[in-house]
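In what follows, subunit A forms one complex with subunit B and a second complex with subunit C.
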Partner chain A sequence: MSWSYVLRRIAMFFAVVLCAVTVNFIVPRLAPGDPTAAVLEQLLSRGQQVEGAADIVAAYRARFGLDDPMIVQYLRYVGNTLTLDLGTSISYFPQSVTSQILTALPWTIGLLAISTVIAFGLGSVVGALLAWPGSPHFVRSFAPFLMVLSAIPYYLLALIVLYVLAIWPGWFPLGGAYSGSAPSFSLNGLLDLLYHGFLPGLSIVLAGVGFWALGMRGAMIGVLGEDYLTLAEGKGLSPRRIFFGYAMRNALLPQVTSLAIALGTAASGSVLVEVAFNYPGIGYLLFNALKSSDYFLIQGVAFFLVLTVALSVLVLDLIYPLLDPRIRRQ
Partner chain B sequence: MRAFLTNTIGGTLRPLANPRMSVGVGILLALVLLGLVGPMFVDVRLSEPISVRTNQPPSWAHPLGTDSGGRELIAVMIAGTPQTLKMGILAGFIGVLIGTFLGLISGYFGGWTDRIISAVTDTMLTIPPLAILLVVAAAVRAVNVESMALIIASLSWMYAARVVRAQTLSLREQSYVQMARLSGMGHMRILLAEIFPNMVPIAFASLVGATSGAILSGMGLEVLGLGPQNVPTLGMTIYWALLYAAFSRGMWWWWTPPVLILVLLFLALFLISSALDDFANPRLRSSR
Partner chain C sequence: MIDAPLLSINDLSVSYAIGNERARAVDGLSLTLGAGQRLGIVGESGSGKSTLALALMRLHKPPAMIDSGQILLGGTDILRLDQGALRKFRWSEVALIPQGAMNALNPVIKVREQMADTIRAHRRDMSARDINKRIDELLVRVGLSTSVAGLYPHELSGGMKQRVCIALAIVLEPKLIIADEPTSALDVVVQRVVIETLKDVQAQIGAAMIMIGHDMGLMAQSVDHLAVMYAGRLVDQAPIREFFRRPLHPYSQLLISSLPSPDETRPLAGIPGMQPSLLDLPAGCAFHPRCPLVQPICREVMPPLETVEPHRRVACHVVAEAYNVRA
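== the complex of A and B ==
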């Protein structure tokens, strides 16, 4: 793996993060009104007594350097964000935005990572089988079904799954991630987590499988015409070995590239799935933040969403050369 | 397998004869008709809150029932579906316009222009669109359909830019483009007169994808309560249903129609886009 490749990917990671920070910095400042006054107004509207509001605004402007030149404010904001100082949550006052997000984030990452891996793996195998001439006939009848599923967004599928498997027959819980007040770390606790996580996960997997299967089918069709497959067949290798070791392995490469691109949309989608299932990840946190207009928390969730996706993309990009020797040699 | 092949190839030569295309266009037309013809039968003003009795299940008087805010749900669907379509098509169109422009410039001029535009495109592709939209919509708050379309368009140009760039790269080397350059034609004229006309089918194909993506983003904002507040939308109906616990209260008539219409809409756009892909992307056609 060449150093310039690694450096370029790392630079891109920081570009994405900087982009998110900049949007967080600029957008509220474009909106009319004074941020401090807005926060105070919000505290007032929640029935809290604030005396000498004008003095407080002035003091806060000085304290947070809102009278400094824009560029100084910007650099300070970037510094604060990169050290994960994202301010104080209003709806969960006096907790910090970061602490709120860090309790919610593992749920999101767990749900998203596990279901994306399942969807990717399952979809790729099914897609490869769809294109493989030797696969049983019934496999091909899946194709239209998968196409329909891949067209439906996560969130809508989540609502349908919620109704069809939880509300109507009562097989699964309506929401949440665990029974009781806290998850317990025992075998029963683990089963309980799986029981609660199954439906949100299922909606992400169902929506994703079709997408990966269609992509894989396309890539596989491209690979099937290659000479090395004819050679492998001529050498007398077993069909299973040709399928997994030669055809699928090569067709997987473009899939990994699209995984990096699809992660952003997947993360957006799973945030909404959490809202549908009251799953205690950052999506649910976000929904509450929006209900109480907790702007710092909204910004914080947006930033962490970008950060998580950017980090995963960076990891994928660094793994990619290990899968594809051609990139390693460049 | 052979029948499948001939069907696919035959279908791509006549895009409207493609079954996927006709089903997709059919669903889309039905949804457009719902918005056009519906107001003749149902008073869309009933889509405003407190205009009918609350929480009524479907009946002759209320074909789709009413919600807890006192809205006639059939009126909400008839008023909301065109808003969703309008927002999606507007955002998709602006997005593809930006994308085509950037893709043409980046593919044609190459060099540093290309490197910068491509890097920005790749960077933007990995950012979860919801994250940016959230921050903007939460700061602006009072959005209408048009301003929401603009905000969403600023995040839906990347795929068009990529496809158009790739196509421009190969067209740039075509002999008729080289001929035009040799005959002293200016860059702008070559781009507009020689290259752009070849982009129309590709731009049109990515318009469908961009529209679908824009509706997806718009729906995401609406179900979080960040959509337009002055008109009824499908996503907002789901938001209210969720907020008022329509699920656990057994009010299935509240959330089923918007979910169904949105599913049909996404399905239609997907079918059209996959049929157009076969048509516009010669590489895909020859590989099948």
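== the complex of A and C ==
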């Protein structure tokens, strides 16, 4: 792997981020509605008296710079974004968007990254066994079950899991990420986190495992037809060595590509899981920001989601040559 | 061919299940091969030669299935081995140089490791140092530098890959090497050099070799005996010089007359017609629709493979009659 390769990948990363920032800037401004007016309406609807509403709107618009020309708003936005100053949240005023996101981020990373990796690992092994002629017969019967799982959306699975394991027998908490008002960093605190994270994690694993298994099965069938598999068998290698070193090792390559993208999009993909379980992550934050037309927060979250996709693709680009030697010389 | 053959195949039939029908890719084939001998098997695509090669190591995959027969190698009945014994037998007794060696190596593992795993699978007691020494020695023997061991397959040229495959084939000094179109993906110059290398190492370790292909010229330089397959059956077998000097089976005659000759100027002659589908073989001799010497009996009775001269076997009514081997 040469330095120019690494530099090119990093340059690509920044180009993607800049495009995302631009789109991110334009899209919310195309939507109808005015953020300050939205906040005022909220206050009004709660029966609060707001005097001089027009003045307040004007004052806020001035404060958030919504009256400046678009190009000025844009340049300011790009500059601020690149320094991770994503503005002030309107609905959680005066907290900054960055601090909101940084509070939510560890929850999402903890929940989604771990569940996605578990789903990936489990699904890949099961998928490989589905295609492997030497695996026991009962493994074959998993296939239709996995297809059904991969077809059910995350949030529906979340609701089913919630009902079957929490509401009905009362084994698990209905939502939240921890007991009490703040997580504690003791052994008990950790167990409590696992206890709360189990159901949302389970629904993500269940929803993901079918996808990974079916993808792996397809890749595996392709690899099993290759000449080097016939030769591996001819060489008298043990089935275990052929399975792991020859078949799975090669079939995993396309899977890893999908993993990087899945890790990036997992955050947005499971907004509804976080909502269903009241899990205080990015998805939940985004859901609330959308409800209250909180421009800056929506933009901030969207920016972070793009950042995670771009980052995971960057990381993939940098580690993929280690997995597939054919990529190394380009 | 000689008193105690190394390999003897008796009445072997391999078929592919296609829907409810079975296509006999190898049909009642018998042959023997002595230690150190080189046998070439030629035939058109679909004549069953690659199926035969895979079946000899029991590497055929469903829908292919061995229906009947016996394969004896050094007294071991290959078709009766259980999975564990089969694994030990493979490569230590019979090694394969596969068709299309381009994809025969695992793309994500270095050459050294692909050779080492083979040795480790069979010689548990061999130390890592001895294994590495052995690999270096083999690479040099096939004309490669030892540094090739540290490379990945995609870093090698086609000829180098094929040499690696040859080195790999002799890593355990097998008694039999099966080379399935070992040079089909190489250019003519490299083909020659690779075949020479293959012959050299085969002679050095004293292994017998079955070489499968359809390049008659290449066969002429490489093998002692030639066998011709047509539609799953062995139709002609002869020492290589005899075969070229005086081909007996009409199909063999046409094969040889279709070879371009540097001495005479004439239009290239092909063999008219197509090899029949294995699912819809003509009655009698499978070659009769294309045969210039066809007789009424050919359309009705399948000619058996008969020894007409020492070391020469032919399945043809016309030849059998000429030699008067039939009552």
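Criterion: the second predicted complex is superposed on the first by the 271 of 330 C-alpha atoms of A that agree within 3 Å, B and C clash if a C-alpha of one lies under 4 Å from a C-alpha of the other, contacts with A are read in each partner's own complex, and residues count from 1 in each chain.
In this text, contacts are C-beta pairs under 8 Å (C-beta built on N, C-alpha and C of every residue); 3 or more make two chains touch, one makes a residue touch a chain.
Since the structure is predicted, the reported quantities are computational estimates derived from the model, not experimental observations.
A.B. asks: Once subunit A from each complex is brought into register, does subunit C clash with subunit B or fit beside it?
C.D. replies: Aligned on subunit A, subunit B and subunit C fit with no clash.
A.B. asks: Would you sort A:S238 into first (subunit B), second (subunit C), both or neither based on which partner it touches?
C.D. replies: Only subunit C; A:S238 stays clear of subunit B.
A.B. asks: Tell me the contact category for A:A113 with respect to subunit B and subunit C: first, second, both or neither.
C.D. replies: Neither partner.
A.B. asks: Touch check for A:N24: first (subunit B), second (subunit C), both, or neither?
C.D. replies: A:N24 sits against subunit B, while subunit C stays out of touch.
A.B. asks: For the overlaid complexes, name the partner, subunit B or subunit C, with more touching residues on subunit A.
C.D. replies: Of subunit B and subunit C, the partner in contact with more residues of subunit A is B.
A.B. asks: Figure out whether A:L191 sits in contact with subunit B (first) or subunit C (second), or with both, or with neither.
C.D. replies: neither
A.B. asks: Quick check for you: in the superposed arrangement, does A:Y228 touch first (subunit B), second (subunit C), both or neither?
C.D. replies: A:Y228 contacts subunit C only, not subunit B.
A.B. asks: Looking at the overlay, does A:Y246 come into contact with subunit B only (first), subunit C only (second), both, or neither?
C.D. replies: A:Y246: touches subunit C, not subunit B.
A.B. asks: Once the two structures sit on chain A together, report how near the CA atoms of subunit B get to those of subunit C, whole Å.
C.D. replies: 7
A.B. asks: Touching residues of subunit A toward subunit B in the complex: what are they?
C.D. replies: Going by the criterion above, the answer is residues 12, 15-16, 19-20, 23-24, 27-28, 30-31, 133, 147-148, 150-153, 155-156, 159-160, 162-163, 167, 174, 218, 221-222, 225, 260-261, 263-265, 267-268, 271-272, 275-276, 286-287, 290-291, 293, 295, 298-299, 301-303, 305-306, 309-310, 313.
A.B. asks: Help me check something: in the complex, which residues belonging to subunit B touch subunit A?
C.D. replies: Result: residues 1, 119, 122-132, 134-136, 138-140, 216-217, 219-220, 223-226, 238, 242, 247-248, 252, 255, 259, 262-263, 266-267, 269-271, 274, 284, 287-288 of subunit B touch subunit A.
A.B. asks: Quick one: which bits of subunit A touch subunit C in the complex? Just the residue numbers, please.
C.D. replies: My answer: residues 226-228, 230-238, 241, 245-246, 249-250, 253, 323-326, 329.
A.B. asks: Give every residue of subunit C touching subunit A within the complex, in rising order.
C.D. replies: 54, 57, 59, 87-92, 95-96, 98-109, 117-118, 121-122, 152, 154-155, 168
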